[in-house]
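Per-chain numbering from 1; labels A, B, C, D, E and F assigned in written order.
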Amino acid sequence: MLTAKDPQTGRRSMGLHRLQVKGSRRLGIHLANPPISRFAAKAEENNRPLDVAISLGVHPILLLASIVSSPIEDKVAIAGSLLGSRLALTKCETSDVDVPAHAEVVIEGKVLPKLREPEGPFGETSGYYFSDQSHVIEVTAITHRKNPILQALHPTSQEVALLCGPAGEAEIVQMLREKGFAVEDLALSAPSGRTHVAVSLKKRHDSDPKQLLHFLLAGVPYIKHAVVMDDDVNVQDPGDVEWAIATRVQGDEDLIVIPNLRARSIDPSKKAGMFTAKVGIDATVPVAERHRFKRIGVPSAIKQGVAKRLAAIISPALAGR
Amino acid sequence: MLTAKDPQTGRRSMGLHRLQVKGSRRLGIHLANPPISRFAAKAEENNRPLDVAISLGVHPILLLASIVSSPIEDKVAIAGSLLGSRLALTKCETSDVDVPAHAEVVIEGKVLPKLREPEGPFGETSGYYFSDQSHVIEVTAITHRKNPILQALHPTSQEVALLCGPAGEAEIVQMLREKGFAVEDLALSAPSGRTHVAVSLKKRHDSDPKQLLHFLLAGVPYIKHAVVMDDDVNVQDPGDVEWAIATRVQGDEDLIVIPNLRARSIDPSKKAGMFTAKVGIDATVPVAERHRFKRIGVPSAIKQGVAKRLAAIISPALAGR
Amino acid sequence: MLTAKDPQTGRRSMGLHRLQVKGSRRLGIHLANPPISRFAAKAEENNRPLDVAISLGVHPILLLASIVSSPIEDKVAIAGSLLGSRLALTKCETSDVDVPAHAEVVIEGKVLPKLREPEGPFGETSGYYFSDQSHVIEVTAITHRKNPILQALHPTSQEVALLCGPAGEAEIVQMLREKGFAVEDLALSAPSGRTHVAVSLKKRHDSDPKQLLHFLLAGVPYIKHAVVMDDDVNVQDPGDVEWAIATRVQGDEDLIVIPNLRARSIDPSKKAGMFTAKVGIDATVPVAERHRFKRIGVPSAIKQGVAKRLAAIISPALAGR
Amino acid sequence: MLTAKDPQTGRRSMGLHRLQVKGSRRLGIHLANPPISRFAAKAEENNRPLDVAISLGVHPILLLASIVSSPIEDKVAIAGSLLGSRLALTKCETSDVDVPAHAEVVIEGKVLPKLREPEGPFGETSGYYFSDQSHVIEVTAITHRKNPILQALHPTSQEVALLCGPAGEAEIVQMLREKGFAVEDLALSAPSGRTHVAVSLKKRHDSDPKQLLHFLLAGVPYIKHAVVMDDDVNVQDPGDVEWAIATRVQGDEDLIVIPNLRARSIDPSKKAGMFTAKVGIDATVPVAERHRFKRIGVPSAIKQGVAKRLAAIISPALAGR
Amino acid sequence: MLTAKDPQTGRRSMGLHRLQVKGSRRLGIHLANPPISRFAAKAEENNRPLDVAISLGVHPILLLASIVSSPIEDKVAIAGSLLGSRLALTKCETSDVDVPAHAEVVIEGKVLPKLREPEGPFGETSGYYFSDQSHVIEVTAITHRKNPILQALHPTSQEVALLCGPAGEAEIVQMLREKGFAVEDLALSAPSGRTHVAVSLKKRHDSDPKQLLHFLLAGVPYIKHAVVMDDDVNVQDPGDVEWAIATRVQGDEDLIVIPNLRARSIDPSKKAGMFTAKVGIDATVPVAERHRFKRIGVPSAIKQGVAKRLAAIISPALAGR
Amino acid sequence: MLTAKDPQTGRRSMGLHRLQVKGSRRLGIHLANPPISRFAAKAEENNRPLDVAISLGVHPILLLASIVSSPIEDKVAIAGSLLGSRLALTKCETSDVDVPAHAEVVIEGKVLPKLREPEGPFGETSGYYFSDQSHVIEVTAITHRKNPILQALHPTSQEVALLCGPAGEAEIVQMLREKGFAVEDLALSAPSGRTHVAVSLKKRHDSDPKQLLHFLLAGVPYIKHAVVMDDDVNVQDPGDVEWAIATRVQGDEDLIVIPNLRARSIDPSKKAGMFTAKVGIDATVPVAERHRFKRIGVPSAIKQGVAKRLAAIISPALAGR
């Protein structure tokens, strides 16, 4: 977890960035996401280093706060709000930034201006090794508690999925509801590295799903494939999603292919010039045809009757055991 | 399990067909698949009934033999070959057909010519209720063992999936390998009602997957959506398939949409005139780009080292227990 | 200008709605836009009328406030903020709503529940006559100043264009900038009834314009056709926009056609089921080709030299006049 | 204005060609259009120079005659016919061509064979600077009147638009009418450099506009984008054209994109190999839907009544002034 | 062969039209082509009959003249020009028209205004039976030579093909050459009913064939499918054309499909609303790839050598016979 | 005709392969087809030569057997079966293979491992010259009858067409019928080099032709273009096929274009990476429209009447001769 300040406004913020040990006092760092990527760019414009500190072994809520994308750039404040109390900070020794008071290890240093070096290959959330030309940190000090305990984040592990998934899902649901879409539920799939999304919708008009898909694929950069379903489908169950695609899609009418959008840098299938194609699937039933799509199920009256009879058989048996 | 004879050649065969009790001596029967649908059609041309017998409570291998699609129409012979011994048969009392000697219940009757009645709605493998205009059987006799035990087949249950899946997969793999495709593995997905298929392939040329997809979608009537992957993907793991689609597909180049093919009657999304569109996905890596698609994994040397160290730690601990 | 209260929360708001005189105490009203359309729907659910008041001859800033689409539903507050002072309100005599204190005429009444009557045809902003099944107001009182002066709004007049244009443009610019698009300028065209939009952009990547167009066409319901240009084009000058389309577009690569989105009710070309197709045009120069697209112009040094010489010639001449 | 003779037939003709001063006796000349480009090619085949003369300061009708594309190659005759009297000519002193007797300046010379030199960049009618490998004229003599007065033609000025527009419009209208299209009016737009054309049509069948667009885009090399409208739209008013596109087009049915046609050399967006895509828009109302597209307007009876009343009010007022 | 006069201008013309005997003094007539269809329409506007005469047994050149489509409407003059001498005419007895003096049979009558009756079915050039609502002629007189000899024209016979083919081919070649296309040869195919055309071209630019195909398919109403080839292909040999399509076409780049053009009335595959789709095939070799497309052939030196040797062997043998 | 043995199994087989004389003891050989291409590959894996023998002047049935593609690899057995008697073989002198006992000339040798040399250009069945990097045979012995007589096969001659055509047609018909398509007749066209196929079908459902075309184009590598027709069309008559395409196809619905399939090596239009596009044409009449497509013909009753009358006229005339 990296902390730094905006060189212009002095406002502090936090972020999660990939590091690589490159020598006893030298770290590679992958600055691909705002706000700290912006701080570094501003410092570089004036040919100045950017003071940073890396805190290891922090409260998990700080990780969550670091990755929320929000108009509020002060992620320390977001962390405080999630914690329910102000986040205790402390000054660094050699670097002009604050760090969480309870971090187990703090590495202080400066991001050097106008310097890029090969970094990686690291395993990325896409499931592939990924290299890039990245920034370099010169380490100025390391402080730590006695016998410090660290949490390592492996990009393809469940930990990242659990950490990033809910934040992203909540953001997208809010964005869609603000535009008037009656979203019922939404799931980013873990195996896809959170690039696949399944949405269930109380559809009012047959144009709703197509409009939602275009808005979503153009509006959320990291989503590549999306499927929209009616609200009788459980988006949390991949089998249910597959069933909807199998029985409610006609590929020549319900697929939307959008070429030439902007790709994620870690997608190995991206095209020259950072382009990607995205695909949307409308797996909803036409409003006028809903009567033809009655899902098999046991009526609740019968379910209750069966439960009663089973109870009548099983309970005495159990009692007699 | 229905048995009947070809009215022209006298050759017997078997099939699994949906029945509906319509009165004390009257059954509805859905004759949608050969060979018995053909026997009924031939009898009907001469305006004659078709003698049939329904055997309930039979060896499961007979069910498997009934649904194999094969140029060999004599499914009794197929059953014998699967059993490893000739299938014991016995004559019916009122109907000119043979039935398995060990059936628990046998219902004898005739499919009436030139008569169709509404049948259903029944839950079908597509997951929806489905009705049709179907044939009618006039029951002529019922014989059974004492305290007969039946196996009921529920169309959306795992039982059907386990029964039908492997037979279909084996047939398709053979068809593809005969055409020279180096198929590695193949899976029909259960939640889709076996209309989705995932294939892994040792791809030689970049045109292999597209050619395979066109051949498969046009050649296998019940497949609606298919995806082809390289052989480093496990087609039995839906998460692995999703990962391949997420990271190896560009929707404007790798999707094949084929409109106007023939739909399955139980697909509720089918279009007027029994048409359907089918979709194929090429999720393989271009031959020339394979070096860029190195999957994250732990090298086997390291895996073994870790295993050794763990053993060194764990074994003494266990020994001391 | 209509005022009403939310039947649930009691919060007041305002809106501009089309009226038709249908009798001495009866008005037709076209309630197609929130929030008052929502208030009426809520009242109707409980089978109750909605008290409303129509204020004619009000401060023009109130009209502007009425049509702003904003998450803040209290448009009286918006009007106050635009006026720079609290809007003076007064109670109605027969209707439970407040009206601007200085209105020239106030018509009080109730929107009747579960009643729709044919309304129109009226000339609409699309330039065509348009009819609909609309709500009905029962008038309960009319109050007015002596010799009241009214402002009539003609839907196809410049007045509506001047009133609605800037509000819509500001909203869209903000929406695009929040998504990170470096929008330079934006113009809704008056002859198209504000359904055509021209956007100029400081393009960073070649995928920016396509992503913007998809986001805009799916995100803004009333926009039908959109064109994106580089920031050397003046979006306020239709000739300049046409020049960019003529010299920077290749129709097979730069046109985006999105079928099956939701149409505006007043678009006479809309398809059955309220669908419409929308079109986006990317009239920007590829980043790598900018050097080839140097616009003709007179260098500023020469312009100044010419100005000097003209001054040297003209000034004495004028002086001698 | 250049004059020359066909080296084979001796027939004279005229043309407008771009010149560049390259030395005291050397001019660059851009020979891209027939007939003089053909004369130069014929002379070059025999490795001979082509005698030419450039006349500056001539009757404007000669400019118009020079640019008409006509099967009649003798543009001197065309000029005479436009003037209503035979064009007076005079022999050159050093070059074997005739020039208009009243030209203010005449530059005589020879186009050199098998020589091309870089020429430009000049601002072209496309609005961009444009360079090419062009022919060279060796100047042999210059004659002129005393205090000669010249007309300079600036390619992006209104002068060129006024000069070239009507000639092109008349040619296209004739070509379309000969094919049986009931063209009502037609306008080449000035800001597009006359590459955009708007056509109004008395449409008889719904296939007329599409057939016209294909014929026009393939038949007229310099037209890139074309729109066809019904005859209630004024093609001379860009706002009216935009209104028709906004309210009568469904982009998935009414757009025609033709890739791989031949591009104009001065179009900076042209693709490698001189290809271009062209686009046609059918903005007509389907014949069967005309009743739904009634344009807003004031009935003429009412217009006259208003005019009368206004006259009754205004005239006395004016009289009393 | 029908003759009539323009009711407005009095100018006579001729045409070939399908007739059906409907009674002793009543003929059905199919007036689908100008100029006589126009004459009848003009007469009908004034609610007047159109005097006509049908000449049977005439000089074949008159048939050819009748079907030429030309801006010169006076087909009598065209016939004269083809004959090389003025066509001798004679007045009718009961009808105000002239007929060829040497016709074997002349049927005089009037096309009745505002009357249409079912006509046909007749076998048409499309190879199908075709019916229509057609005009009716009231016969006023029949004159004939002794033992008259007639030529019957069967629409699907070689006679029609030989008659209509060359006229159509010449017209299209001229139209294309006027537009600057270097057409080498052109063939309308007989089995297609002259709706298929094969064109060979000295291609200069790769865009030539596509531009030609669009111009041809939109400009010639009766052409449905067209193929363009290089000039090393013999368009008169269907096998050669097929070979070019087999070895020089890539279907995803070289096929042009134009939907929604106007259909011929006798095409049974036409869509509702008289629409048709047309297809063009570019079977030319890309200019830059010509070296790869060297056709197999025997070099002429070897051919001559073989001829000599054969002669040396055969001649003495023949001589000795 | 080449004979060789599988280096693993020792099973013999035969094939037709292109040879080039490269020296007194050296032949180039084009090994593009199994099984002998596979034998050579296996030998090469072990870095060993493959013994082969070339037999010239053999029974034509052996040529046919050589080119049949069949799961039965032993083409000697196929030849025997076609001959109706066992094929007499004899051992070679220097090469470990058998050859037909009656061959006129036998060339014995070895295909050298890991050696490829430029071969050709030869005229190929595509009608073009074709070169490749090919294997080399070192000749070890030549044996022959006295005055041996050879049959030379010219790739573009009728001989190859007659030889290869029927074998291919029979294979494809069988493949289609096994899939349930009611194929009536099928023709590979000679001028296309057997890459064009015309199929006639007793169509049951409108989806049959599209399904057949996809199956055929993906399943038969050498077919590039295919057309399906109803069974009233004679696929052996190119004019009949053209007529069906002219009158039963709508290009926007009935054309299937499949890009990115695998090309034949001898197709000069193939794309980089050995890709090709294939095209299918559905020229069948929609089932519901068959009544509108009645082909012109003379009813058989009339035909017989005419025949009788002609006989009555002609026979006496002939008798009197």
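Convention: a residue touches a chain if its C-beta (ideal position, glycine included) is under 8 Å from a C-beta of that chain, and two chains touch if they have at least 3 such contacts.
Remember, it's a predicted structure, so these values are computed and weren't measured experimentally.
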Legend entry - If a chain touches subunit A and subunit F alike, it appears here: B
Inset, instruction - Would you identify the chain whose Cα-based centre sits farthest away from the centre of subunit B? - result: D
Inset, instruction - Could you tell me which pair, D-E or C-D, is linked by more C-beta pairs in contact? - result: C-D
Legend entry - Chain separated most widely from subunit E, comparing mean CA positions: A
Legend entry - Inter-centroid spacing, subunit B versus subunit A (mean Cα positions, whole Å): 39
Legend entry - Geometric centre distance via CA averages, subunit E-subunit B, whole Å: 57
Legend entry - Computed distance of Cα centres, subunit E from subunit A, in Å: 68
Inset, instruction - Identify all positions of subunit D at which a residue touches two or more other chains, and write them in rising order. - result: 258
Inset, instruction - Moving around the ring in the sense set by going from subunit A to subunit C, list every chain once. - result: A, C, D, E, F, B
Legend entry - subunit C - residues contacting subunit A, complex: 71, 178-179, 205-208, 210-215, 217-219, 258, 260-263, 273-275
Legend entry - Contact set on subunit B toward subunit A in their complex: 123-124, 126-129, 156, 189-193, 195-196, 224-225, 238-240, 242-243, 245-253, 255, 257-259, 267-269, 271, 276-279, 292-296
